[in-house]
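Handing you a structure now.
Each chain gets a letter, A, B, C and D, in the order it is written, and its residues are counted from 1.
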Amino acid sequence: MTKGRLEAFSDGVMAVIITIMVLELKVPHGGDLAALRPLVPAFLTYVLSFVFLGIYWSNHHHLLHATERVTGGVLWANLHLLFWLSLAPFATAWLGENHREAVPTAIYGAVLLCAGIAYYNLQTTIIRAQGPRSTLAKAVGNDFKGKLSPVLYAVAIPVAFVNERIADALYVLVALIWLVPDRRIERLINNGT
Amino acid sequence: MTKGRLEAFSDGVMAVIITIMVLELKVPHGGDLAALRPLVPAFLTYVLSFVFLGIYWSNHHHLLHATERVTGGVLWANLHLLFWLSLAPFATAWLGENHREAVPTAIYGAVLLCAGIAYYNLQTTIIRAQGPRSTLAKAVGNDFKGKLSPVLYAVAIPVAFVNERIADALYVLVALIWLVPDRRIERLINNGT
Amino acid sequence: MTKGRLEAFSDGVMAVIITIMVLELKVPHGGDLAALRPLVPAFLTYVLSFVFLGIYWSNHHHLLHATERVTGGVLWANLHLLFWLSLAPFATAWLGENHREAVPTAIYGAVLLCAGIAYYNLQTTIIRAQGPRSTLAKAVGNDFKGKLSPVLYAVAIPVAFVNERIADALYVLVALIWLVPDRRIERLINNGT
Amino acid sequence: MTKGRLEAFSDGVMAVIITIMVLELKVPHGGDLAALRPLVPAFLTYVLSFVFLGIYWSNHHHLLHATERVTGGVLWANLHLLFWLSLAPFATAWLGENHREAVPTAIYGAVLLCAGIAYYNLQTTIIRAQGPRSTLAKAVGNDFKGKLSPVLYAVAIPVAFVNERIADALYVLVALIWLVPDRRIERLINNGT
C-alpha cells in the first residue's frame, strides 16, 4: 500500500516533468519552415532529456518493483531524486537556447550528475532496508551502468568549458548506454575487462 | 503490478498533455466578444487535438486491458508513443496560430503520423510478447483503422502544401473514423470492400 | 480494472486543471501590498473555480464509486466532461482579468453550463449501462441539484449582459448549494416545495 | 477504494504543484554564469517550497495510511488543504523575485500558516471520523510539531515587517524540525520540558 503511493506520486511528478519540458519549445510566430530552424537545438535537447527521464522512470519502475519495505528514509531519498529531476525542464530550456555556451552545458551535466547520485543513494537506501541478501541486492549486482554514468557526467562538466560538443556527446553516450538492451552491453563490457 | 504502473504513468503523461494544451489558448486582454474571434482557429485546433488525445487514451486503455505481459520492450515502445504525443501541445499551438500556413499544417500531420506509427509499433510489440494466439492478437484482428490512419496522415502532409484546408479535412476525417462507434463503421467498410 | 483507469485518468486531468489555474495568477513585479490589490478579482475567481472543480471531483468520485460497468459510451461521456472542465483555466483567467465585462462573465457561465450538461449526460449514460434498478439510479434519485445548476447557469448567462454582478452572485449561489452538506439542504428544499 | 482515489487525486495535485513551481525559475537569456546569479534567491525559495511540499506529501501519506473511513467532510477538508498548497507556486515565485521585501515574505508565511491549519483540520476531521480510540488518534498523540509549526509561522508573519531575514530563518527552522528524523527531536523536546 505504502509502496503503491510512493510509485503513484513519483509517476505523477515524472509525468509532469517530462510533459512540461515541451512548454519550453516556444511556438514560433512565423508559419514557414525557417521559423522552425532556430528550434532545432531546443528540440534535440528536449529529445535527450525525454530519453533521460524515460530511463529514470524505467529504472525507478524496476527498482520499486523489487522493493518490499518502504521506510521514512526511502520516502526522502525518493523526494531527493525527484528534486533533481524537477530541475530538468530548467536545465533543458537553458541548454536548448544556449547550446554553444559552456555554462549551460555544464549545468545540464551537473543536474544529471546530482540526479544520478540521488538515484544511487535511493537504491542504496532501499537495499539497506531490504537486507543484503534480498532479491533486489542480487538483481542490482555490481551496477556497472549506475556507477559509470556519474563518472561520465563528472568528466563532461569540466570538458564543457573546453569544448561543449564533447560534453554533449558524453551525455548522448550515457543515454545510449542505458537505451541499448542490458545484457548485451554488459556482456561486452565484461568481455572487454 | 508492472502493467498497473505503465498505465498510471501513461495516464499521467496523457492527462498533462491534454490539459496543458489549453494553456496555448492565450487569454485575450480585451473583454468583448471581438477579443475572442482571433481565438477561434486555435480553439478548433484544440478541440481536434483533445479528440485525438482522447482516442489515443481510449485505445491505449483497451490495448493495455488486454495485455498480460509487460516486457522492457513494451516500456520503451510506450515511452516512444508518449514522446510523439508530448509534441501535440506544440503542434496544436503552432497550427492554431498559423492555420492558413502549409508548414504548421504539415507538421501537425507529421506528429500525428509519428504517433500513429508509434502506437502501431506498441501494439505489435505487445502482441509479440503475448504470442500470436493471445486474445489481444484476435481482438486487434486486421486493425483496419490502425492501418488507414497513418495512410491518411501521410497523404495529408504533402496535400498541406497544395491546400491546407483539405489536409485539415483529412485530420478531421481520421478523428471521425475513430469516434464513430466501432462495429458499424467496420461493417460498412467490410461491406464496401 | 477498467473503472480504475477511468478514475485515474480523470483524477489526473482534474488535478492538472485545478493546479494550472493558479499559473494565471500572474506574479506581480513589485513587492508591496499595492501590487497584490489588482490580483484580488483574479484570486476570487480562482477560489470560485477551485470550488467548482472540487465539487465536480467529489461528485465524479461518488458517481464512479457507484458504477459497476464501464462501456465505451461512458469513456467518451467522461472525456466530454473533461473537455469542458479543461476550459475552466481559460474562462477563469479571462474573467479574473475582466470581471466587470459582460462577455467573460457570460463565457464563464457557458463553460459551467456545458460542464453541467456533460456531467448530467455522463450520469445518465452510466445509469443506462447499470440498469434503472441499480443502486446508482436510486442514489441519484430526482437529482434536484444536478437539474437546478444548469438552470441557474442558463439564467446567469443573459443576466451577465444586464449586470455582471448578479451573474457572479448566481455562480456563487450554485457553488454554495453544492458545498452545504447534502441532506439538510435537500430537506429544506423538500419542505419548501 | 474511496480512500485510494482521495490519495490518487491528492498525489496528482501535489505532484503538479511541486513540479510547476520550477516553471517560475525563469530561464535566463544569457549563457554565462552571471546570468544565473539573479536566480539564486528564486532557486533557494524553490528548494524551501519543494521541502515543504515534500513534508506535506509525506505527512499526508502517513495520515491517510492510518485512515480507515473517508467521509464527505474528509473530502472537503482535504480539498481545503490542497487549495492552500496550490497557492505555493504563486507565493514561491513572488518571494523568489522579491526576497528582500516584507509583504512577499509575510504572504509566503501566511500561505504556509493556512496550509498548516488546513492540515491540522484535516487530521482532526479524520480522527473524529475514526473515533478517539483509533490507532490514528494514538499515533498522532499530542502532535507537538503540528502545533508548533503554525505558531512559528504566525510569529514569522509580523517579524517579516521588522526583518525579513529572521522570518526566512523561521521558515527554514520549521522545515528542519520536520526533516530531522522524528523520534530524536521529540525525545529532545520531551526531555527539555
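Methods note: a residue touches a chain if its C-beta (ideal position, glycine included) is under 8 Å from a C-beta of that chain, and two chains touch if they have at least 3 such contacts.
What you see is a predicted model, and the numbers here were worked out from it, not measured in a lab.
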Most distant chain from subunit C by Cα centroid: A
Interface numbering overlap (same over half, different under half) for subunit A and subunit D: different
Length of the line joining the C-alpha centres of subunit A and subunit C, rounded to whole Å: 39
Centroid spacing, where centroids are CA-atom means, of subunit B and subunit C in whole angstrom: 27
In subunit C, residues with contacts to at least two other chains: 8, 12, 15-16, 20, 23
Subunit B partner contacts - residues on subunit A that touch it in the complex: 7-8, 11-12, 14-16, 18-20, 22-23, 25, 27-33, 35-36, 47, 50, 54, 57-58, 61, 65, 179, 181-182
Subunit A-facing residues of subunit B, complex: 1-2, 5-6, 8-9, 12-13, 15-17, 20, 23-24, 72, 75-76, 79, 82-83, 86-87, 89-90, 93-94, 97-98, 100-104, 107
